[in-house]
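Order of writing sets the chain letters: A, B, C, D, E and F. Residues in each chain are counted from 1.
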Amino acid sequence: MNTHPMKLVTIVCEAHARDAVTKLLRDAGAHGWTLFAVEGDGSQGKRPADIPEFANVQIEVIVKPEVAEHLLERLGTEFFPRYGMIAFESDVRVIRAAKF
Amino acid sequence: MEIFDAVRANLLSPAVLFFALGLIAALTKSDLKFPESLYTALTIYLLVAIGFKGGVAINDAGLAKVWLPALAAMTLGALIPLWTYPLLRFGGKFPAVDAAAIAAHYGSVSAVTFIAATNYLKAVNQPYENYATAFLAVMESPAILVGVVLGKLATSKSGAPDMISLKAAVHEALFGRSIFLLVGALIVGFLCGQPGMDKVEPFFVTPFQGVLALFLLEMGLVAGRRLEDLKKVGPFLLAFGVVMPLLHGCLGVWFGQLTGLSLGGATLLGVLAASASYIAAPAAIRMSLPDANPTYYLTASLAITFPFNIALGIPIYFAVARRLYS
Amino acid sequence: MEIFDAVRANLLSPAVLFFALGLIAALTKSDLKFPESLYTALTIYLLVAIGFKGGVAINDAGLAKVWLPALAAMTLGALIPLWTYPLLRFGGKFPAVDAAAIAAHYGSVSAVTFIAATNYLKAVNQPYENYATAFLAVMESPAILVGVVLGKLATSKSGAPDMISLKAAVHEALFGRSIFLLVGALIVGFLCGQPGMDKVEPFFVTPFQGVLALFLLEMGLVAGRRLEDLKKVGPFLLAFGVVMPLLHGCLGVWFGQLTGLSLGGATLLGVLAASASYIAAPAAIRMSLPDANPTYYLTASLAITFPFNIALGIPIYFAVARRLYS
Amino acid sequence: MEIFDAVRANLLSPAVLFFALGLIAALTKSDLKFPESLYTALTIYLLVAIGFKGGVAINDAGLAKVWLPALAAMTLGALIPLWTYPLLRFGGKFPAVDAAAIAAHYGSVSAVTFIAATNYLKAVNQPYENYATAFLAVMESPAILVGVVLGKLATSKSGAPDMISLKAAVHEALFGRSIFLLVGALIVGFLCGQPGMDKVEPFFVTPFQGVLALFLLEMGLVAGRRLEDLKKVGPFLLAFGVVMPLLHGCLGVWFGQLTGLSLGGATLLGVLAASASYIAAPAAIRMSLPDANPTYYLTASLAITFPFNIALGIPIYFAVARRLYS
Amino acid sequence: MNTHPMKLVTIVCEAHARDAVTKLLRDAGAHGWTLFAVEGDGSQGKRPADIPEFANVQIEVIVKPEVAEHLLERLGTEFFPRYGMIAFESDVRVIRAAKF
Amino acid sequence: MNTHPMKLVTIVCEAHARDAVTKLLRDAGAHGWTLFAVEGDGSQGKRPADIPEFANVQIEVIVKPEVAEHLLERLGTEFFPRYGMIAFESDVRVIRAAKF
């Protein structure tokens, strides 16, 4: 099976930012995303996920390198000032590159 | 001295004691935790049950009786931000967007506080208009919309249009889960009337008080975990979270009397005015005023005003109403 | 005109109105969402409650009364795929494996539709055999097995033996969670009889209708989210999802009369024949016929046939039965 | 032969049959699974309900009646590890830390086993002291602390101080979720008394037996999934898990009689002594004795002793008590 | 602590494919796996995880490079035609290589 | 957006080890962490997450390389002998390096 290099962008942010982020993903050109609820701790304090107001989601999206670049760009400028969140990218190799 | 007795009666009810137990669990760092899905399930149950019950009551009473006090309730909710905003902005020196956000929360209402109040009235054998739930339903959104508009006017320059669209705020304020469930169940109850109630009463009415007690245990945990944030919000918001409810409570009771509500009904309108939203408003505000700092409005409504109303506010507003009606 | 009244009575029941509310929530893109664990919990409760109740009823009535109509029900379930398969294959031009998968779903049954029907009969004061749950229990699996065999015959060449083993299908059809819960609770109820029922009645029977109403709110949400898939499945399947239930419903009522069921019992057998599975069958088919496209069978059973039966089908089959029995 | 009848009556109760159903589901590899949040929700409900009920009962009976048998129960719980530890260490050749861990579990108690026993006594119309829940509450922690101390003395050299601090053990043993809920609800019930009970009875009391039946279905699943671990623990622990409960059961019944409990109350004290903890103890032990192997103590308490007590132990201890009191 | 290079293979697929995939992992020689429920969006449409029929699971498995190769091979040929899913591999460094 | 190289340390361990691990993270100098419940299978047998006693959590923490080194060191020596767990590190690039 020959694999193809892609970028995995991972975002952890408060649950209330969910729709704004997924909308951004679509705009940036992602063809899909994976999301799940997480707890966390960080500079903005604990997120025990006991109620939606204090819940986090982790969003994982596989995109082409240039899309990742653009995505992180916008996350840093538009979202970081507003939401408690982190974002990072890493290198992965996918099968069926056509999907991404 | 009647206020004292009223408070005492309240503090010894299972609901309030379980709330205290939750607070203690949080403060003693017990590993007790309700799964978020249980919290959501209990919220859904309480909103649907109270909404359905209210709808059936409106069906019994007829809309003619309900519209005037409902209109008054709605107006009151919409007005509250108009004085809380400047107070926070200039008195509390809060950034405009934060002042608007907090104002929206205090104009809106807390369903759980309302429910606790109805249980309290039951406990002291004080009759009230069952259709009072209609006031809860109509008071949730207006203040949120007013608050968002106030916030927009203050932050109109900043970017990211996709998030700061007023449209999103309106949609969230009208179709957000808590409002949708409450209003939806209200309409369902109104359409079914008593025959429908007979079918679902053993689930939505009979065990209701027990479910509320369990839910308040969880709310105690939730509020308790936020107590450490009290340091972050400063003395002004602390005072605000206790004084404004007292003020709005009296105002609500007075509105109730003006619009011809009974002693019980006026008490409930007082409780609604005094309560601050912590479900509908936070969700709507976070989406439409993302620049507002959640620590302020969540701590105020959840860690200050909510516990205050549950423990002391409710009986106080009732005593005030008794005074007014005697 | 009796059908009209029968439908009207149904549409104004809390259960159906809450289902409609769920649909509206989905269509208005409300952020209302039930946690999956709440959906699972409600499913477990409904299946255990209905199964247990049925088991106690069989214990009361004695197996002698039950076996004949149960056999008829089972046969009917197993036969349905034999004409729905060719119809879909040649009439609807569906790939063989998809035709087989859809056929399996329509031969199998929907427990929730059955439960809604029993509530409807209660509401219109129409007595029925309480042991009818036995028919629900025996109709779930046979059609799935028949459907899988049909599908295998059509896809016998393709690879990946580990997934397409018939064994897996049989196991899933007999030990899948919904069938296992239903049959298991049925046996438990049968062994306990009335003394056991006295202990658990306040939990499994008294609040049952209310829980169903809440569950149908969720089902409305689920079905509403699938409505956009209607475009994908084409007009044939749309018509199929409405016409076949009507056909199978009449057939079921007729089988009921032949095997000596009461008017109520025959109605329920009609409802079972008309209903399409959306829990047991999808799980079993996905594992044993992975090449079948889930969009077809899930949309048909969940977004077309289920809402149709809940809103219109049930009262129609009842009216048909009334006609037949008068 | 009375033991036989007592067992038979127990085996045909919904609770036990649903437990068996769960076991079967696990053994037949059915995909039936309760979401963890449902398990947690049911646990919370059962602990709060039983605790609240017990608290109200203490309020009715007065502390004067309760303290002596409660003290006896507590002592018994604290003593049990003192003979089970050496037995496991030298008889069973277990490492010291494992022996201490297992001993802690058998000195502590299982709330669900206790609840099942109260239901059994109800079923056979055997009155008992409602405040017996107090014994459950006071027996949970002591043995855990004793076990931890025993374990520490044996592993005092090994590193990682942050985890092996006794403080953590004490905190977990006193504020762990199960103990906190039980004791907390007990106190709430004690403060509310009967007036409080009237409000929440339809939720915490009326449906209780049904909820227990559903919960035991889940417990059957959980225990069933552990059965394969029986191979890993060896014959000694297998025998230990059956023989010690019988021994402790008789001891408990005898303590009950000495401290003036009724036949029913003595049976419950026997059940408590015989039961092994699988919620409070595992959590506390894992944190304070991390070097102990969980497979040993979890398999013993969950897969051996719990099923044994539910199916056979309870009626046996009752029969023993009957013998003793006749 | 000296770490050892391994491959992390991540699979996101519909919940109903769970047993088939975990069976494949065992066959391919994995000594363990980690699994959790996720929501998602992709070419096959939204997976809101409201009911099991529309739920996804993310499966993470750490394996030796050659096993990863073989795993992706079989996923691509046997599973991708049938199930809505994605799969990708990335480089990680583990402690206790013996476990994998 | 310029990104900064960091280490992502991922730990999968039994739920009862949660507090001990998060305490370790703080001690080791992490400024935050993300955590969620997972099921799993491994050398210590299945973790079906049916009850807390048999549940796993996955903990993800982004730290500077030297912190990662130290973290894995202590995990290997103090935790691995006691708990059923795995741990691995991978390379990521974050925005807002200051957070970590």
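To be clear about the criterion, a contact is a pair of C-beta atoms (placed from the backbone, for glycine too) under 8 Å apart; a residue touches a chain by one contact, two chains touch by 3 or more.
Small disclaimer: the values here were computed from a predicted structure and weren't measured.
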Chain hops separating chain C from chain B, counting only touching neighbours: 1
Any chain in contact with chain B as well as chain E: A, C
A-E or C-D, whichever has more C-beta pairs in contact: C-D
Greatest separation from chain A - chain, by CA centre: D
Longest centre-to-centre distance from chain F, chain (CA-based): C
Chain A and chain C: spacing of chain centres that average the CA atoms, whole Å: 40
Euclidean distance of C-alpha centroids - chain C vs chain F, Å: 45
Distance between chain centroids, defined by C-alpha means - chain C, chain E (Å): 34
Junction residues of chain C - those touching two or more other chains: 33-37, 40-41, 206-207, 283
For chain A, residues that touch 2 or more chains besides their own: 36-37, 90-91
Inter-chain touch pairs (all): A-B, A-E, A-F, B-C, B-D, C-D, C-E, D-F, E-F
Contacting residues of chain E [partner chain C, same complex]: 14, 16-17, 19-20, 23-24, 27, 37, 45-46, 48-55, 78, 81-83
Residue ranges of chain C in contact with chain B within the complex: 12-14, 17-18, 21, 24-25, 28-38, 41, 119, 123, 206-211, 213-214, 217
Touch list for chain E against partner chain F, complex: 1, 3, 6, 8, 22, 31-36, 62, 90-96, 99
Of all residues in chain F, those that touch chain E in their complex: 10, 12, 36-43, 56, 58, 69, 72-73, 75-76, 80, 86-91
Of all residues in chain D, those that touch chain B in their complex: 35-37, 40-41, 44-45, 48, 52, 171-172, 175-177, 180-181, 184-185, 187-188, 191-192, 196, 199-204, 206-207, 283
